[in-house]
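Labels A, B, C, D, E, F, G and H are assigned to the chains in the order they are written; within every chain, residues are numbered from 1.
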Amino acid sequence: MKEIRWHARAGQGAKTASQLYAAALLQAGKSVQAFPEYGPERRGAPMRAYTRFDERPIRRHDAVAMPDAVVVLEPSLLRDVDVEDGLREGGLVLVNAEGSANGYLAVPAERLAAGLGSRFVNLVMVGALAAALGEPSLEELQSAAAALLGAKVDPHALAAALAAGWEHVWRG
Amino acid sequence: MKEIRWHARAGQGAKTASQLYAAALLQAGKSVQAFPEYGPERRGAPMRAYTRFDERPIRRHDAVAMPDAVVVLEPSLLRDVDVEDGLREGGLVLVNAEGSANGYLAVPAERLAAGLGSRFVNLVMVGALAAALGEPSLEELQSAAAALLGAKVDPHALAAALAAGWEHVWRG
Amino acid sequence: MASVRTARLLTGSEAVANAMRQIDPDVVPIYPITPQTPIIERFTRFVADGETSTEIVNVESEHSAMSAAVGSALAGARTMTATSSQGLALMVEVIYIAAGMRAPIVMAVGNRALSAPINIHGDHSDGYLARDSGAIQLFAENAQEAYDLMVMAPRIAEHPDVLLPVLVGQDGFTITHSAEPVELLPDEAVRAFVGEYRIPAPLLDLSAPRSQGMFAMPDYYFELRHQIAAAMERAREVIEEVAAEYEELSGRRLSALEEYRLEDAERALVCMGSTAGTVKDVVDELRAEGERVGLLEVRSFRPLPIERIRAACSGCSEVAVLDRADTPGGVGALHAECAAILCGSRARVRGHVYGLGGRDLSPAEIRAVFAGAAPRYVGLRSAS
Amino acid sequence: MASVRTARLLTGSEAVANAMRQIDPDVVPIYPITPQTPIIERFTRFVADGETSTEIVNVESEHSAMSAAVGSALAGARTMTATSSQGLALMVEVIYIAAGMRAPIVMAVGNRALSAPINIHGDHSDGYLARDSGAIQLFAENAQEAYDLMVMAPRIAEHPDVLLPVLVGQDGFTITHSAEPVELLPDEAVRAFVGEYRIPAPLLDLSAPRSQGMFAMPDYYFELRHQIAAAMERAREVIEEVAAEYEELSGRRLSALEEYRLEDAERALVCMGSTAGTVKDVVDELRAEGERVGLLEVRSFRPLPIERIRAACSGCSEVAVLDRADTPGGVGALHAECAAILCGSRARVRGHVYGLGGRDLSPAEIRAVFAGAAPRYVGLRSAS
Amino acid sequence: MSRLKTLVANERGTPPLAGGHALCQGCGIPVVVRTVLDSIATPKVVVGATGCLEVATTRFPGTAWNVPWMHVAFENAAAVASGIEAAYRALARRGALPQDDPITFVVFAGDGGTYDIGLQALSGALERGHRFLFVCYDNQAYMNTGIQRSGATPLGASTTTTPAGLESLGKMQRRKDMTAIAAAHRIPFVGQAAASHWYDLSRKVEQAVAAGGPAFLNVLSDCPLGWGHEPKLFKSVLDLAVETRLWPLYEVVDGSYRITYLPKRRVPVTEWLALQARFTHLQRPDAEKIVAEIQRRVDEDWDRLLRRASSDAAATEVS
Amino acid sequence: MSRLKTLVANERGTPPLAGGHALCQGCGIPVVVRTVLDSIATPKVVVGATGCLEVATTRFPGTAWNVPWMHVAFENAAAVASGIEAAYRALARRGALPQDDPITFVVFAGDGGTYDIGLQALSGALERGHRFLFVCYDNQAYMNTGIQRSGATPLGASTTTTPAGLESLGKMQRRKDMTAIAAAHRIPFVGQAAASHWYDLSRKVEQAVAAGGPAFLNVLSDCPLGWGHEPKLFKSVLDLAVETRLWPLYEVVDGSYRITYLPKRRVPVTEWLALQARFTHLQRPDAEKIVAEIQRRVDEDWDRLLRRASSDAAATEVS
Amino acid sequence: MAGLRPWEELPIGGAVEPDPALRPRTGGWRTGLRPQVDLDGCVNCLLCWVYCPDSAIRVVDGAFAGFDLDLCKGCEICAAVCPAETIAMVADDG
Amino acid sequence: MAGLRPWEELPIGGAVEPDPALRPRTGGWRTGLRPQVDLDGCVNCLLCWVYCPDSAIRVVDGAFAGFDLDLCKGCEICAAVCPAETIAMVADDG
């Protein structure tokens, strides 16, 4: 089983990211689980979400204590939040940031999204994560995004954002 | 233990009678219990009350199923209600009525009360019951009535009503 | 049981209203419901006549009665109220909250059946509904005990180690409306016994403004709510301490558990409330007939005197537990909890449900229970 | 558990909202409360888009939600609603009434802790509050089961021998807000499975005017209320009948009780809801380590499958029962009832309280429970 | 057919509420119930809140009701009716009603079940616009449980929870103006009526049912037991409430006030008070102020009502 | 001292509600709370109903409140305040208060906790005459649970329980007029205000506290999340509610209506609707009727308000 | 509780159809007086019918037709409201 | 949940006294912009203070005295209401 933790501010789409990533993996034949962690704090406050996936059916419902990867959608969180908390040995930390960020894998998602004229920083990071972990494929991501969000948003915009993140990491 | 059942219409003072009788016995050193049996029906509907007394402390709280005596404050009830229901062998039935009533012990309480210019048919019947059962004494009854009801009603009127019933039976 | 000589004839309601008069609480929110109504009626008459100086709050529903009580008790005022049945059901949300906020409210309960169908008579369904709430629940056997427990209640509720609501239950009609000999303590003795009202963090203390009734996330909820369970544990001892002190004052000992002729009993019956009195008579009869039977009268349903129940039944081979409330599709509360307590002992534990909605329990039926000859639902009219 | 290939990613709330869409109930009174709100939100969106023709009643409180549901269900319309926590507490009075009036209402519950302190996360306190009410209570392990039970629920509720409200519980957030693979049945299959709504005495049948919700004195209350307990007994069988039929349709068997690797188990753990999934993983691990352990997952809390629990644990020497709700001053509900059921068997029954207000239960803690090394309150932060 | 003939005709055969119920001798409630239900020609379905009416008509296994009748609890009659009405609409839409007749839904609740514990459910139902007629039989106290004060209990009344006593002159708050509160909900029809004025009441029922939305009627109903008067004074005591202007008869149609009965002369409230034992203590010298206050408020409220009615009438004329 | 200086002075040191709370960026609620509490010179004790304000200010173990504050549940804030106020009076009478300062009791509840689930407790408290100021911050929906319709939600608004959809144009009922309902209780002071009009609000608070009995303030407060507008439009969107006459500013003192702000010109409601995403669907052609209906009701209500105010003013002049 | 039905025989949810035989004969509640009419004086206004709380006024073919003494509780309202003053309360001797 | 207190150490009933240290530093919630004032233009009307939802306007001796960026969530209301138009939203680079 693999476990991902997503950090963001409420309203930045971490829940969507966690679900989209799970939905794509589900299409890819994995068993998955995605859930957010809410508090009473409102838009702007730090929050978390999680994705779990495995070859075998996932039955457990305990908290994700030791994630295999951490994705930080909002760089300012690095100030207040210990994003490495519980991270497994050798675990991956992906941060939406320019250049390098505390030695974490930086993805300039803000800029990449802006470059596409979109707000989908979260999707860029999902693409980046998939590339970093090697699964699911970009196509699976894109088709899952179309199914999950396509009713409200142009699927091409979704696909582009995912691709931008994916390629950024893939190309290294 | 002795058990009394009182029959009346709601509003005719059966509850007061059951309590007054108990209060007097309490003064006389008995252990006592008095309780009414209510339904959703209103003033005018048939209802019952009970008095229990004993030399030993009364602890039981079950229903009175087999009374030693039954007092009927309202003669018209004889039409609708089986006042003898559960009555113990040799048990006494006292009815507010002129002359004789189905062979029960009749006490013309209505008339006796009216003769005193009072409405205390129930007290007349309490006096009658005490005389019939031989306890408590008229004095105990009267002093209990003064304590229980004296704040609202002239104790002399109470005493007179009790005496009227008591004497009617006593004199036979 | 009152000594008959000095006792007055009072119903359970009147007895409790007198206890309230003597305690003279600061605030009493009230809402009528049969069969507790005579309590608040008698009590407001005391107020109207200037016999207490209580602030009556005539609320518009029981939910508001308990809500006002929480506000008042935590503001810093001794607060009591009363309810029954649907009233308790309507306010139960706030009873849990009162416990969680540690509001030492004392509430008289005229225990009554729950709808549907609507019924105004006695059973313990309403009390059972609140059995997880964190409120202490005491059940009186008769009018005297209702009075005694009501006088003890503020001392238990307000004890610094407890600080929980206390519900003093008496069976609807069977106690609330039955006149029995009741001995009242002198007014001053009661005032002295209950003492001043003190809580650790009164809201009206402006020198230390506090926020009360907080929002707790999973990081703290378990710990905050656990205060109640811990306070309940302590309440077991506090109840006995208060009972001992009350015995000195009154000569009457109201322990959380009364063991009646249980010393060498082979068969025991467990029950609460007014039924216990009837059972005592039956036990005496059976003892006279040579049967080794006894009664375990649970006076404190919450906290349940677990260790004492275990000890009391250690010698028994059969224990019949009587629930005056039903648990459709499950196991009766007192039955199940006694079973859990006695699990591993040599006792066979049986459960019976009886007396719902004021159904009478006769001595003959109690004998059948002792004899193991009673059906699970005692007193139910069945075609079979 | 859904087969991953054909499943969609849905939260428990979405899964249940889809079940409701497919059932297309006549009337759905709603009132928001976390964590069930996503259910009614998703469902009203279906209505707004014309995907069902349900009459939504946007009531002003949960008390009214259940009251409107009783009126509607007994008028003759298939009726569903949803709630959580304080909402369930506020309406609990009317849940008892719904059961007594035999109203087959189906209610989704996003189980959540009760105040105070206020907390929006999962535990079973709200369901426990209604454990005597006469409502059937089913607990789902995951989103798929929440869907499945919701589809089964009308069949159980409306069965002529049952006619009781059915509460379909799913753990707040852990299921309501977790997206998992869920396989939906075809819409028509669900419609056909649940069939038409039929009750014996619809109020709107003018040809036979009836009075419903009567006043009952002690002469009839016990008998009238006993209908519920009798219907619960029958519900035990009905649940299995419906489960069998549902299995034919879906390939998934949702029995009142799931025995997981219990065949030759020496030590068993009993629990409900989402925790069961985690426990299964731990059982597999321990089995792999050679330990003879198993799980008893209770899916039907009411009616509790008493005989089956007894049978399932017959071989065990240790049974640890996990209550996700506290009973301060008493014995946990599932613990006590299992103890009563297993009393006399060779099993030692232990009780634990865990997970209040969303507190996580980790595999390590579950191992400790199996090992007999866990404290009574598992997961509680304590100084000692 | 005259209105009275219509009422008689509507009750013939199986009257909606039959005699042989267990309400007190001389209770005003059945007069209200009969007049209301007899004024409705369609089939009726009745919902009741806990209270004297419910308790005294439906002791299992007997019932005094010949129409479909439902009771769930004390505080939720309007919510129950909402559910029934929603079911009716849902089933009608699906063509699944047991029969085609249009049904009128009527709720009966006492003042306790309307002003106090039932207010919220009522208010919600009014806001949602369910089509039913909610009738409050207002006997000014919780009578079923033995005469406790309610939000409808008038200033100065002695009840068992506001007893007159050595240090008390009865209830110390004015009554809630429930009719005005209902009117503030801006539903199609709100009316205030009295059991003593059958014609006015019957006419209002007819309007209410025709209004095409939620309607509320507040009907003063006497309780000989709780008010402390002989049953036979039923009409006198209610008439005086109307004549003293203590209980004005009026209606609010689509938000506009209209007085439906104008008392001839100013009768002092003392005449009304004097008939009832619950006000006996107001004859104490220390109660003079209270009596004056009661009169002052009656006058003030009446003046405001006149003002509303006349400005609304003027507006209607203009538009 | 100018009113503003007074507010500043009252907040100095430890402000009743401190910054560092977790309400959304640009939420109107804290503006209401600060203006209300800063307008009160005495010590204050605050009671809160469940809702955004409560949840976002009191996550254990932190609190944003520097004054004594209590929350019990969603539906019972007025009842809790009744108990606290009764305790205050009881303790004062016995000379047992911790200190002598007179205390002002203020309740904050959202529209859900006021119009809907909290209405009954509020109504009861008003009838009993407890001395507190009940402030409804009316953001026209249940925001804390994610924007569900309440009795305060206006006609046509899309919420998550009245979503606009293929077959839905949002909420199909008009909003409850809670201010009028409170006014019908005939308490000493009722006011309608808006978070955007601080001076008017502050003045009303002062009057309310001085009124010597229960007082009710209904304050329109925006929710950028639920209304769907940028936070910075806070004042514009509220101003427009007032200018369109959709949310008139007025007060009812001892039963008499007085308008406290007269909009200059008739601004069509469409201007207000256009600012908010919750009304976007009203631009659909099939929604024209709804928009017209909204305007019609605004006009009708405004006319009625004017009428009440002018006839009450005339009466006051006469008397 | 002899004669009462066992639980198995009760209607579901306690819903009952009306059965006049199960209604109390409230005529027995009268406490001394019963109404008596002098039909000669009756103007058939039916106000007695309107205001009788116990449905104890018989109307046949739209006309006043006497009292149902099985129901009449003797409240005297009919006598009080009769504009023709043609109802009197008399001793209730059976 | 390291660093969280055990149940024995929590205040009774969860009643807490205010502790500013436990309040979230909501300045972090800003999403790109922060307010900046041109003090020259400020007329000290304090409308920004009145309407700031986050108590992030400092007032010293009755006069506007800048922003508390630890609290300011960047809602732009102050900029919108300032009658002197002397508050601007600028990039939040710190």
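To be clear about the criterion, contacts are C-beta pairs under 8 Å (C-beta built on N, C-alpha and C of every residue); 3 or more make two chains touch, one makes a residue touch a chain.
On a predicted model such as this, the values are computed, not experimentally measured, just so you know.
The chains in contact with chain D and with chain F alike are A, C, E, H.
Think of each touching pair as a link: the shortest run of links from chain A to chain E has 2 of them.
The interface carrying the most C-beta pairs in contact is the one between chains C-D. Chain A and chain F have Cα centroids separated by 40 Å. Between chain F and chain G, the centres computed from C-alpha atoms are 54 Å apart. A separation of 85 Å divides the Cα centre of chain A from that of chain B. Multi-chain contact residues of chain B, defined as those touching 2 or more other chains: 39-41, 43-45.
Looking at chain C, residues 58, 60-61, 63, 74, 86, 90, 93, 97, 100-101, 115-118, 209-217, 220, 222-224, 226, 360, 380-381 sit in touch with two or more other chains. Looking at chain G, residues 1, 4-7, 10, 13-14, 16, 18, 24-26, 29-31, 73 sit in touch with two or more other chains. Chain pairs that touch, as defined above: A-C, A-D, A-F, A-H, B-C, B-D, B-E, B-G, C-D, C-E, C-F, C-G, C-H, D-E, D-F, D-G, D-H, E-F, E-G, F-H.
Of all residues in chain F, only 22-25, 27, 52, 55-56, 59, 225 touch chain A in the complex they form. By the touch rule above, chain F contacts chain C in their complex via residues 43, 45, 47, 54-55, 58-61, 63, 65-73, 75-76, 78-84, 86-91, 93-94, 97-99, 101, 103, 120-121, 123-124, 127-128.
For chain C in complex with chain G, the touching residues are 116-117, 380-384. Residue ranges on chain D touching chain G, taken from their complex, read 74, 100-103, 163, 200-201, 208-214, 216, 219-220, 222-224, 226-227, 230.
Listed in rising order, the residues of chain G touching chain C in the complex are 1, 4-9, 13-14.
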